[in-house]
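Presented sequentially are two complexes of subunit A, the first with subunit B as partner and the second with subunit C.
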Partner chain A sequence: MTIARKRYALALGAGAVALAVVGGSALADMPKRGGVLNFVVGSKIPTYDGHRESTFGMIHPIRPFYSLLIRVNPENPQSTTDYQCDLCEGALPSATNDGKTYTFSVRKDVKFHDGTPLTAHDIKATFDKIIFPPEGVISSRKPQFSMVESIEAPDDHTVVFNLRYPSGAFIPAIAAPFNFVFAKKDLEREDPEGQDPLYGMKWHQTNINGTGAFRFVQHQPGAFVEGARYDGYHHDGKPYLDGFKAISAPKTAVRINAIRGDRAAIEFRGFAPKQRDDLVAALGDRITVQESDWNCQLLISINHKKPPFDDVRVRQALMHAVDRWSASDSLSKIAIVKTVAGIVFPSHGLAIDDATLKTYAGFWPDIDKARAEAKRLLKEAGAENLTFDLHNRTVDMPYRILGTWLIGEWKKIGVNVTQAGVATSEWYATHRAGTHDLGIDANCQSVINPVADVGKYTSRSGNPANYSHYEDPALDEMHDRLLRSGDPAEQAEIMRAFEKRVLNDEAHYGMTLWWNKINPHRSYVKGWKIAPSHYLNQHLDQVWIDKG
Partner chain B sequence: MSKYVVKRVLLMIPTILGAGILVFLMMRLLPGDICLIRIAGDGMGVSDEALARCRAEFGLDKPLWAQFIDFAVGYATFDFGKSMWTTNPITHEIGLRFQLSLQIAIMGTITAVAIALPLGVISAIRQNTWMDYVVRTFAIAGIAIPSFWLGIMIILGMLILTQIWFGSPWMLPVEYRPIWEDPLHNLSQTIWPALATGYRYSAVITRMTRSAMLEVLREDYIRTARAKGLMEKVIRTRHALKNAMLPVVTLIGIEFAFLIGGLVVTEQVFNLNGLGQLFVDAVNAHDYTLVQALVMLVVAVFVVTNLVVDLVYAWFDPRIHYS
Partner chain C sequence: MAVTTGAYVTDEVFERPPLQSRMWAILRAQPLGIAGALIVLVMVMAALFAPYIASHDPELNDFGAMLVPPDGGHWLGTDEFGRDIFSRLVWGARTAMLVGFSCALLGSTIGLLIGVASAYFGGKFDILLQRVIDIFIAFPAIILALAIVTVLGTGTQNVIIAITIPLIPNCARVVRSSALAIREIPYVDAARALGFGHARIVLRHMAPNVMAPYLIMLTTFLGQAILAEASLSFLGLGVQEPIPAWGLMLQGGAQEYAESAPWVPIFPGVAISLAVFGFNLFGDALRDLLDPKLRQQ
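After this line comes the complex of A and B, so read on.
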């Protein structure tokens, strides 16, 4: 595991911050019941419907009201493969029928907050909505379930997923934190005015009825969401908290000050290193810091539609110019980035090892040699005095910081780049239209599911998220094999070939650094363990407060 | 008078409609749309199918003229629609924020007027004395210091000073509660932005009051009043101040309307869930329906405030009649 739970202790006067690992003794503390957890959220809630939305602004305040069929183990969220049953019971089912059938036993002791008992039919109705949404219903994660052929509920406590082919991407996709389980009766509600045939399918956009650890109390739009302990929660003895309040605070300074002034105890998305240090400097051991690699990365999209970026030598040259290894040390002091890795999350079993990575364009350990190679390639391609725009979001952390860093790196091989910052909506629109030269692209996922996540690099014709705008049938074929492979050794082999083609042979996309999640929080918040995604481990049933 | 008021109210309709049409077109000129922002989240893939369904749900797949007709028909029937971002009715989204913005505007105005009128009068009466210099310095500083900067200083000052004094930093509340639910909580959050905005606001009014008073104090009728032997206090309040109030009232009206919809940065600094913050969120999310409604609301506030100011003129100056 690359992650440690850390506590920063301040050496006041000396002005130095010392890092200390929180020992096992702290983790062994017995949970205490009671208290209300106030936390701040840096984004506003769109609707309450997890199947439709994609923002942590919805996940953080709404996830505690809902349960999932399976979830990432809250006691071991750093593991990329440790899932456990939430609404199912027993161990996670193994695939049968040559890896094409998953049968889940549904718990019999679960009730929705309105008193309705949960059955397998609710699970089926939920995943039918996610995977096979009727016309007019938005399901943002439908593409992640391309392997699912059908869902059955043969009885009240069994749900069966039939796959078209065996796939290692299925279980992680099911565990995604957006897959809130809704009651079938709610999904089938009829419009009292008789006008909207999809009324039930849209009911959860503005209403909440889940089986989560907390029941909904109130939502003051734009201000806060309040939840209270659900006494009928199905995980024994939990939740520990009496309730929570998720306070909306879009400005980072407000969130920092709220924690400093104890108006909030924690912010679950993450802060920059400087903000962590400021909090530690102000509060000393009243602040605990947890850090983790983050399942987010900024990529360099290289628009193949625009010459000379259709020339692989130019693309490789631009990659060779960038010194990622030294940047890992320097940039991690000022920005939420840290780890150098390939296209797979660093600690996952399918991730590349450093020795292999160092043979790829852009990862050579000898940067002088790499830059000499970059200049040679540019000269060979007739693009020595290359000038272009780097299309980026007007968001400082870490977009503009990384953009500025890249421009400096490219200048070292004689390439002149201008950073073109635009608002988020324009950033997406331009990337999709393919009118940019190079761009800073983002790939930020919840559950670590490399087999599905690397679909980002397949051909544009079948993948609208490919902002380098290329067609590469060889990659598509490899990804198809990857999706259908249930054998980890075979997956690793395909992944290596896939990754080498994306980053080195074709240099379709450039990597920057993987994000580094930093969560400083009040030390009285216990039980919450940082996950490698700001979407994960937000059900709050294991969190407790210890104010002595 | 009532005929005049009715005429002015009717004139509001084309003004608000004009603003609505303008913002309808301007919002659609911006690249991107709400569906991209909603589905992509923090950098997730965007499925074309989900995008198409989202655009169909909000009518964004229709031609512009058809969208405009939907918009015009909705407003003509007082159906302001739903926020595209939250799917809640617009009236619901705006209602809560409006009460907070109105409260801050009222508190800021009271603060400003309570400070500005006495200072402006003193500064005029004691022109070129040390008192005048102090007031002018205070006023110029107020104009020069942005209220959001003052807000940041207030917050940081409180955090640092309370930590020094009590060992634990104190921060003003960051979540809003209506004044009738929890007055103490409400006031401990709203008093600071009211002071920060009220200071800048008072500086502008102080300057205006001072210059208007100086002008009036040099009028012949003031000299006549003094020659008649009227008490100086009566001359200043009844004859000078009342006549000097016309430009001051105009300024108070404009500033009051601005406070309701224009406190974008100050609201962010104090984490106030007001109309300014909602405006920013709606524009960032390309929430067309909400932006349109907010623009028209702010226009309406300005128009109504102007009308009230015009009516107040008649009270200050009996020579003004409306018909």
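After this line comes the complex of A and C, so read on.
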């Protein structure tokens, strides 16, 4: 055999091997039908009504029963801009009428689980309930739709949203995973006893009738929720699973052991780094780990109503004392936090770059210089021997860990802080009442929608979620312009000015680190892709089980 | 030899044995009690001289030394924040002793006053007070403490209040039973006849005569209070991070790292057990010494 022939034979052999590997891999990645997915959920179900609730305890077991008008692309959930139709048809509509009208074509092949065909009137009734709820009906996402003026359904398969002003926040708001589409007839149900005029509006709190990939089978409160494949599901060939069982397991140790002992395959919220390491050590390649930045952050609320925190120098000093850059490395080993960033989700187009961030109070790369500045500012403000309480939740991960870390950082500039840990209800009550000094606050969102999410930092008078209790008309004006801007370049410019004012110039709020989502799961769970939120990508229609 | 003392003449003098002999007698009679007293002494000394004994700042985060096993630099290793466990244990003794002594002293003293007053006044006052005490005793102490701390909030001061309240009725009930007998002794009637006020009779004449049960309850409460503080802190409702406290050291990271870094939970666990053991041994010995029946045996 000549050298050329040998080379050819080798190449042929290598090609055959490569083909076998690729082919095998492709076969392995082919979805398989059948099986029941068991997963654990660490929180309770308050009600089944997604429009009302905001907890993953409801989303994880209930979302698979429902569909949305549009959703985050399940194949690309890490993208902050990739949305696709769920109950609408074709591509996402572009805005018309100078950016003030969105017209959706509604699919004609969709039926609710009770057999009722879906029409545009169901979509309108759903969003009317979310955006314009009657008095007495709770709609948690109503504030995100301030740009919507009206909704119309001119025929059975067209729904039109008319906006007051063009807004880049509209599409992400529509895609929120809590916007379950309900049947109009269910929302208009009348109380059999004739007493509650809002009976239909409340019907979904205790009943389920959706168009999702799975039909409701049963809910044993405190134990599990069970769903079975819906054969009439509108996405062809899906779902792949025969069903799912969402097992209630409030204790972390129980959830870990459930996965370790294969009583459950996955937990969708996220585990701590140590728990991930333990599972990997115990199960080896039988565990697959997916990780992602998480659209959650713990903030330091600084109560402006309480002296000396009304002094910007004191606020800036407290920010300068905290070494976020080194904490990113160390804290990420013990807590579900990792990325240093500003007020916008790190990988979003509107997020700040590191070079700019490093010029802000609390982000200087030279921590010794920053702490010297902190001491100078405290001295100048006459607050050298500052002592205060840090109001925090008695929840370890990551609240108390971050609280303990911050106290250690402030001690390095001579500030003595006591951690005041309270139960969640009191934590909210104190933050709302504004009786705290400083507090650990949280900003956790689902769809990445920075324009809407930074509303957290507007003035207290129009924003009850502002737990720093300040009024800043300049910020409000900027946020209003941000909401009305459809131009990405203009949005970026406004966002930079807004963020600089919040974090640096006024130091209204302090940032800690963005959360890091860690999902170790049984390797036989396929098709599920981690999203930057524990609320997203939970319809389960793309998940399958491959036990080889 | 006859000795004249005023109008009294006795045939012999009862000479107290020398201190060394008395100590030896107690040591032989109560070796466990002495062991308990030594443990208590070590804990108290650690609490008093914590700044001189501790090798590191107990609240200093050192992320360069996270979960270091016991070695020359950190005798008992470090926790997940890189804090020195030995130093936290030593300073934690201060928290334990502060809470333990405060709760025990307050609980037993208030209980003493209530118990004696209840026995002295008797009648409807006694019946009413005892029913209130019944209500408090009906709740397990830790449940009552949990409820109180939930209302008051966390922190050392509130923990002391939460642990003290359940101790009061226990002491009041025990003291009352002793005080009932004392109430019938003629000197109480005599004091009344002389026109002494209720407060004087209760405080000057009755309370000193129930000191034995009071002291026994006091020492018993010390161990209980330390354990309750550790339990509350373990449940996240007691002392808050980063204050060094033994129960708190068993919480959070200690559970998570129990397998990979066993020194994190083991040493505070041993400290709590030793402290409670020591106080209980000491309390038992004290009871034996103060109870005439047991002393004769």
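The rule is simple: the second predicted complex is superposed on the first by the 520 of 548 C-alpha atoms of A that agree within 3 Å, B and C clash if a C-alpha of one lies under 4 Å from a C-alpha of the other, contacts with A are read in each partner's own complex, and residues count from 1 in each chain.
We adopt the following convention: contacts are C-beta pairs under 8 Å (C-beta built on N, C-alpha and C of every residue); 3 or more make two chains touch, one makes a residue touch a chain.
Nothing here was measured: the structure is a model prediction, and the numbers come from that model.
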Return fit or clash for subunit B versus subunit C, each positioned on subunit A through the superposition. fit
Once the structures are superposed on A, label A:P307 by its partner contacts, choosing first (subunit B), second (subunit C), both or neither. neither
Pick one for A:V137: touches subunit B only (first), subunit C only (second), both, or neither. first
Let me test your reading of the model: by the given contact rule, A:Q205 touches which partner, first (subunit B), second (subunit C), both or neither? first
Which partner does A:E426 reach: the first (subunit B), the second (subunit C), both, or neither? both
Touching A:G232, do we find subunit B (first), subunit C (second), both, or neither? neither
In the overlaid three-chain picture, which partner chain does A:G261 touch, first (subunit B) or second (subunit C), both, or neither? first
Does subunit C touch more residues of subunit A than subunit B does, or is it the other way round? B
Kindly classify A:D278 by the partners it touches after superposition: subunit B alone (first), subunit C alone (second), both, or neither? second
Between subunit B and subunit C, report the minimum C-alpha distance in the superposition, expressed in whole angstrom. 6
For subunit A, which residues lie in the overlap of the subunit B contacts and the subunit C contacts? 253, 422-423, 426
Subunit A to subunit B touching residues, read off their complex: 40, 44-47, 52-56, 133, 135-140, 142-143, 202, 205-206, 220-224, 245, 247-251, 253-254, 257-258, 260-264, 282-283, 296, 422-430, 432, 441-445, 455-456, 463-465, 534
What residues of subunit A sit close enough to touch subunit C in their complex? 253, 272, 274-275, 278, 326-327, 329-331, 333-334, 394, 396, 400-401, 403-405, 407-409, 411, 418-423, 426
Subunit C residues within the subunit A interface of the complex: 59-61, 63, 66, 80-81, 150, 153-155, 236-237, 240-243, 251-253, 255-257, 259-260
Once bound in the complex, which stretches of subunit B touch subunit A? 30-34, 36-51, 53-54, 56-57, 85-88, 92-93, 96-97, 152, 155-156, 158-159, 163, 168-176, 268-271, 273, 277-278, 281, 284-286
